[in-house]
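One chain, chain A, links the two complexes that follow: it is found with chain B in the first and with chain C in the second.
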Partner chain A sequence: MNDAVAVTLVGVLGITGSLLVLVSAIAMFRVRDALSRINVFSPATGLGLPLIVVAAFVYDLHAEGFRLGSLLMAIVAVVCLITVSSVASNTLARASVLSGQPIHRKTSPNRLARPPEGVVDVDPDAVDDSEHRD
Partner chain B sequence: MRRLINAVSYVCFIEWAIIVGSLTVASRLFRAHRQYANPMIVEVPLRCVTDLEVTLFASSITITPGTLVAAIASGSSSQPPVLFVHALFEDSEESALEGLYDMESRLLAMTRGRGPSTAAHTVKEPDWEEGSS
Partner chain C sequence: MRVVVSICILILAAAIIVGLMRVLTAKDLGSRAIVSDLMYFAALGILTMFGMLASSSIVLDAIFLASMVGILATIALARILTRGQR
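After this line comes the complex of A and B, so read on.
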């Protein structure tokens, strides 16, 4: 691999990855509630950081030649980034819903608050609550 | 062998969904005069049965930019498990559900070796076939 190709690849991959992190940060200011902020964070963790890892791998490949160790490290890093960030986003979203964070009023339809047409929800705790109040 | 091919095509599909979703998040930033997002929370009754399928499906939804699993309700003997999905960039509830069911069909083709036999909308209303036929 000659110098020009390697430098171009590293530059394109690295700059695209960091721009995606920037885009996620700006998008977080454009949305209004906690759930949406967790949602627009995933371009950074799902695509931006893996691209930066790939850029680092290409740089390593160019500087020191091919090594099986660095290839394995890159693959493990990308897989772990995607898995961990998706599980972490799930956990964050569940935590924000269960702790009662306000959901943006224009969220429509909101099936967590209102069931679909024709479905009657019975609240099993309703009777217990009134007994406690008395 | 076919499951291996399905698994590779599923990984490619998820990668493609991540790229398209990221581009959506980015390109919407430049539409200054219109509303950035159209948030909604939709209810998705699952055809996934095992823990592995439900976990993989929830993780796939969350890693795709624009969709996020907000809550999971466990199933019972009469009801399937339900995911509550927060979607940002979909036009309507139907189009959001359509995309999610497409992803679920591909996932089930990977884990079971073939596509699911029941159509997506028969899960929600089991009595649908009796009434119409």
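After this line comes the complex of A and C, so read on.
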């Protein structure tokens, strides 16, 4: 591989991945509770770290030539980062809900479980027959 | 190669510093757990970039192993949050 091509690929992939991690870190300030932080954490592990792995694979390809072991290792690393971080985020989100961490009102997760605003339980036009019963 | 890798290290170090500030200012334990998880992955990226800077041949091995066992820290933090119960 040409030297300039390798440097360009490593630069684009690595800097994009690093910027995604940095943006996730900044987004930790923008959202208000632990559930939303777990939500905005996923660009770092779902896209940023796999891009860094691909940059490391391009570097390895440039430095030592193509090896099948390196390719397998990079593929397994990307798959592990995506699946493992998803499962881990799910576990951490479940733990943070179960342990009663505070939830901001804008990210209240059970909005569908409650009746919406302005709901009445009794029909106002129904005839009230409670006095005719006895 | 040295310049772009140094830029990546600087960006990841900035992410770790921002995460440390967030851990210091966070009120609840869940936020601290998730931000420290983010810092783990940023440190993993820095490790990879240092391997490239040192012309090491085990860059991919390191990130492969660290991405496979990265779930353990998160699971441990989640288990600590629920005080040992599932």
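The working rule: the second predicted complex is superposed on the first by the 109 of 134 C-alpha atoms of A that agree within 3 Å, B and C clash if a C-alpha of one lies under 4 Å from a C-alpha of the other, contacts with A are read in each partner's own complex, and residues count from 1 in each chain.
In the analysis below, a contact is a pair of C-beta atoms (placed from the backbone, for glycine too) under 8 Å apart; a residue touches a chain by one contact, two chains touch by 3 or more.
All of these numbers come straight from a predicted model, not from anything done at the bench.
Novice: By the touch definition at the top of the document, which applies to A:Lys106: first (chain B), second (chain C), both, or neither?
Specialist: It touches chain B, and chain C stays clear.
Novice: With both complexes superposed on chain A, which partner does A:Val84 reach: first (chain B), second (chain C), both or neither?
Specialist: The second partner, chain C, only.
Novice: Classify the contacts of A:Leu61 with the two partner chains as first (chain B alone), second (chain C alone), both, or neither.
Specialist: After superposing on A, A:Leu61 lies clear of both chain B and chain C.
Novice: With the two complexes superposed on chain A, say which partner A:Ser42 touches: chain B (first), chain C (second), both, or neither.
Specialist: After superposing on A, A:Ser42 lies in contact with chain B but is clear of chain C.
Novice: Which holds for A:Val53: it touches chain B only (first), chain C only (second), both, or neither?
Specialist: The answer is second: A:Val53 touches chain C but not chain B.
Novice: Is A:Ser24 in contact with chain B, with chain C, with both, or with neither (first, second, both, neither)?
Specialist: both
Novice: Spot which of chain B and chain C makes contact with more residues of chain A, would you?
Specialist: C
Novice: Quick check on the output: what are the common chain A residues between the chain B footprint and the chain C footprint?
Specialist: 24, 26, 33, 35, 38, 48, 85, 87, 89, 94, 98
Novice: Across the complex, what residues on chain A touch chain C?
Specialist: Those residues of chain A that touch chain C are 6-7, 10-11, 14-15, 17-19, 21-22, 24-26, 28-29, 33-35, 37-38, 41, 44-45, 48-49, 52-53, 55-57, 59-60, 63-64, 70, 73-74, 76-77, 80-81, 84-85, 87-89, 91-92, 94-96, 98-99, 101-102.
Novice: What residues of chain B sit close enough to touch chain A in their complex?
Specialist: 18-19, 21-22, 25-26, 28-29, 36-37, 39-43, 58-60, 62-72, 84, 86, 88, 93
Novice: List the residues on chain A that touch chain B in their complex, please.
Specialist: Residue list for chain A touching chain B: 20, 23-24, 26-27, 30-31, 33, 35-36, 38-40, 42-43, 46-48, 82-83, 85-87, 89-90, 93-94, 97-98, 103-104, 106-113, 116.
Novice: Along chain C, where are the residues that touch chain A in the complex?
Specialist: Per the stated touch rule, the residues are 1, 4-5, 7-8, 11-12, 14-16, 18-19, 22, 27-31, 33-35, 37-38, 41-42, 44-45, 48-49, 51-52, 55, 57, 59-61, 63-64, 67-68, 70-71, 74-75, 77-79, 81-83.
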